[in-house]
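In the two complexes that follow, chain A is the common piece, with chain B as its partner first and chain C second.
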Partner chain A sequence: MPNNPTLDKNMTETETALRREAARLLSQGEVAVFLGHEEGWDGVPVPFAASTAAEAGRLVWNPLSAPHLAKYLLDRLEGDEKVGIVVNGCGSLALDRILKDRRFPRERLHVVGIPCSGMLDPARVAALSDEERERVLKDGPVDPGLFLDRCSWCDVPNPVVSDTLLSEPLPVVRHRPEYPRVAELEAMDREERAEYLRGLYERCIRCFACRNVCPACNCRECCLDQWEPLWLGRATSPAEQQMFHFIRAFDVAGRCIRCGECERVCSVGLPLMELNDKFLKDITELFGVERPHIPADVEPLGCFEPGDPDLEDHG
Partner chain B sequence: MAESAATPAESRPPGTAGTAVEKPPAGEETREWEPVIVGFLCNWCSYAGADSAGTARMVHPTNVRIVRVPCSGRVNPRFVLRAFQRGADGVLISGCHPGDCHYSTGNFYARRRLLLLKGYLEYLGIDPRRFRTHWVSASEGQKWAEVVRSMCEEVKALGPAPSLGNLV
Partner chain C sequence: MSTSLASGAPTAPKAVRLVRAADLGRWLDALSAGSRVWAPQSVGGRPRYRELTPGREGRLDLEAVRTVDSPKAALLPQTEPLLAYRRAKDPGTGRPSLDLTPVPPAEPVVLFGVRPCDAAAVELLDGVFLTGDFVDEHYKARREKSVIVTVACSAPDRACFCTSFGLSPGSTREADVVLYGRSGPGPKAEPDAYYCVAYSDRGEALLTSEASRSAGVVEPPADEGQKLEDTVAAFRNLPTPLAERVGRVDVVDKLDGLFESPYWEKVAARCLGCGTCTFVCPTCFCFGVADCAAGGRGVRFRYWDSCKFPHFLRMAGGHDPRPHKKHRTRQRFMHKLNYHYHRYGRYLCVGCGRCVESCPVGLHLPQVADEVRGLEG
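Presenting the complex of A and B:
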């Protein structure tokens, strides 16, 4: 069931509240650093770590504050200083992923939450004409196609982890996730699908941006960087790229939060969620997990039921 | 490297074609193509089961190259994709029956992973009949011989696996 993302009309007030709250936390010494966004060179917010109350004044919160910040916590594992972070609904899923994977201690966090009704895709907005862009960012109306893909199915507008909420929680309408792109691919002929995916691997330049941005790809040492064993050959070939994307998607199967950040940062524009969504869809169909993208205490591949479908029946 | 399923074994790069030979030795011009099947067998049940099939002198095809693993839960799904990339025509994973795992639960976890893998391999374009999982206990030499025979026949009928564009 589709969602109807809208732009929050009170983002300027929220931004002011965010700066005030971050400045308070930093000046009172509650946190040593605050993770947020600042204005990037092309007007798109980029991740930013404020460490003084004055720097908190550079924080922004606007319809393009799409990048998730939770992954940056892994750069701050050393020491015991507290870290402040701002999250919206899906940003809190990314944070929860890191917490459920026990990669960062909850007690070292101060989470500032912002209920979110939708965020725009910076790339789609960048493609607009200057005046069009200004109109959209000022007061809409906004074409639903300009929102991030994840907003069209999101049913987690309110942060699932937070210490402070900057505005009132939004009403929640739960719906079953759907995977139209996977269904489309599944309907294809096997050969045709293999050919299509081969084209995808051939375009990949293995920049690892998808791995680096993924909140579920949070191992201490990544198998893709290992020499011994050499899981991934260094040669550039469709097979190695296939292996790369297989490893990436399989290792986050059951832990993927379906944020689509991998796709957003892909430097050659690959539809990477077509690989991740297949696992999410199968996990629902095979193991009856209704919303597999929501971090749970026990992940679907970290448990089993004696009554799981049997493999021998599958031939 | 876009070969179709019907790629003849002779056109594959050397080293990936298993028992297929480009120039058959004299007197063997009509030697039939034989599939290469990689088998991951759990040490406690299926490996012993295959052994008992051998000691009982049960006749069954020799196409399965056996890799002994401590548990079906040891089989990383990457092993399977890599086997296909390096020229396997089929992959067979065999372990203890659910409930009989030497480590109590290893095969239950494996079952979830392999179920996902099965669907995914088809998604990637690999015929699901080329990837099979069976539960064979140490005493089931008969079943092992049966499994190998049926899988071998099936893969043989499918022909050589399509190339996945590997360099090697």
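Presenting the complex of A and C:
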């Protein structure tokens, strides 16, 4: 059953509360910096690190506050300052990914949570006429196709990690994830699929935006950056392009939170979630995990069970 | 190709022709017979600038405001072999040696449907690769065999700011031929024909060639001289939306004193550290050199690298002079708006708007150029 995303009508109040809470945390010295969004040049929210109470006044929370922020924590590993961060439901999954992967200490965080019923895709909204855009952002109604893809299956409206919640939690309706985009990939035979993927990856410009935005791509040093051993040749040949994307897909398999940020930042529009979705679907079918994109303490591809039935096959 | 970096006034046309939009495909086919041809194409739903290859996905898209990637790859390929080698034995002494095979010479290439800003970017690349103490033979070989056919912009969009750098939607800089939509500029211009104006000998040769003539590139009606002049002027005087906000960019002196500004920390806090801006940029030219070798033979090639990547400057032994994102982000903007100016007398930006459109977190050059004006220092 798909989700039916809507826009929160009280975002202006939430934004005021967010600014107040961030200003409080900064002025009382509870955090040294607060990660949120500010208004970008074209009005679309962009990631922003406020370091004073006055700067907290620049924070925004609106239907386009889509970019996740947790990945920026890895820029702040040095030192022991506390960091504030705002997350909605899916943003908290990104944060939890980094916490479950033990890449940032929970005790250095103050998490401000905002229940969320849906966020618009900035690119889809940018494509609207000026009048349509104003109408949509002001009071709707909003075409469901304008929401981020991830909103259409989201069943985590409330942050799974938070220290302060800025509004009342929303009712939760659980549903089994569906992966409509995988069917086509699965229907292809091997040669067709190889040809299809070659064609996709040939369009890649190797800018690494997908990796850099991905909360599951959080290794201390990415193997794709290493020279010795050289996992990824620097030539943009068809073979290296495939290696790049296969390595990335396999490395995040089992840890992908299905946020689709990789697709959002891809300047050449590659449908990168197709392969990630395939792995998620496989995890459900092979290991019986119904919601494999939700970070958990025990994850099928991240644990070892002495009673694993597969062990018999391998002596 | 100009070897002087002085910006010249538009040179006098050497030839004028007319081509119907419906004949463009035919013209490209005719040009393909003697050259490799690159052109803006729709690939996977996005406008891309790539080589026209029979059978490969892609549909000519001359009216896309800007392609995701710039035409620079035609002159500076993302991956470019420099030489091939094979381990051998010197027949005289029996000592190990290397057989070196140079790469095949560059083939003629037509860069078709280039935007005026991107053609102007080639002038900046020429400055880097063709002037000074070192001339890059690989770039030079490609450049000497290139013909640039630009298409003047009918409808600059909200990310366009070429006029901030003294260019215009009808700029002829580094263009051998410019196509001007016959109906003039306008938001929904779908010209049924283009005036084709040659500004160089190479352009004249291309326009007046038998291949072009037989593909429908013909003399314009004799009574359209004034209309052509008015059309050219209309393109040249067209404003660009983002430049209205940014104004003329001239911040080299200001940035002289801002190397240590805390501003760069703010910028770095937003930067994702990916290489999108550098790879889509028509003027970013940094590259690395690596070998792909196995079994006693190999290829040495260069590849686009990015100052935004954490390993860009890391040296043998592990030292990195720019260890933090702050250093790397600062480098890119300082290079474009200060260092390059000091060295070449030109800003390393043509206002194409690709960083505005492609940066995943809305961090782009016009904003930085505007913000540094207000900084103290």
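What we mean here is this: the second predicted complex is superposed on the first by the 301 of 315 C-alpha atoms of A that agree within 3 Å, B and C clash if a C-alpha of one lies under 4 Å from a C-alpha of the other, contacts with A are read in each partner's own complex, and residues count from 1 in each chain.
Going forward, a contact is a pair of C-beta atoms (placed from the backbone, for glycine too) under 8 Å apart; a residue touches a chain by one contact, two chains touch by 3 or more.
Remember, it's a predicted structure, so these values are computed and weren't measured experimentally.
By the document's definition of touching, neither partner reaches A:L272: not chain B, not chain C. Looking at the shared chain after the overlay, A:A22 reaches neither chain B nor chain C. In the superposition on chain A, A:R206 makes contact with chain C only, while chain B stays out of contact range. When the two complexes are overlaid on their common chain A, residue A:R193 makes contact with chain B while staying clear of chain C. By the touch criterion stated above, A:S237 is placed in contact with chain B and with chain C alike.
In the overlay built on the shared chain, the residue A:R264 is in contact with chain C alone; chain B does not reach it. With the contact threshold set out at the top, residues 233, 235, 237 of chain A are in contact with chain B in one structure and with chain C in the other. Remark: chain C residues 43-46, 48, 57, 68-69, 78-79, 158, 266, 268-270, 272-276, 278-280, 288, 290, 292, 301, 303, 306, 309-311, 325, 358, 360-364, 366-367 touch chain A in the complex.
Residue ranges on chain B touching chain A, taken from their complex, read 1-2, 4-5, 77-78, 81-82, 85, 98-99, 105, 108-109, 111-120, 122-129, 132-135, 162, 164-167. Interface residues of chain A, counted against chain B in their complex, comprise 185-186, 190-191, 193-195, 197-198, 201, 231, 233, 235, 237-240, 242-243, 246-247, 250, 253, 278-279, 282-283, 286-287, 300-301, 304, 306, 308-312, 314-315. Here chain A touches chain C in the complex through residues 40-42, 44, 46-49, 67, 71-72, 75, 199-200, 203, 205-209, 211-213, 225, 227, 233-237, 264-265, 267-270, going by the rule given at the top.
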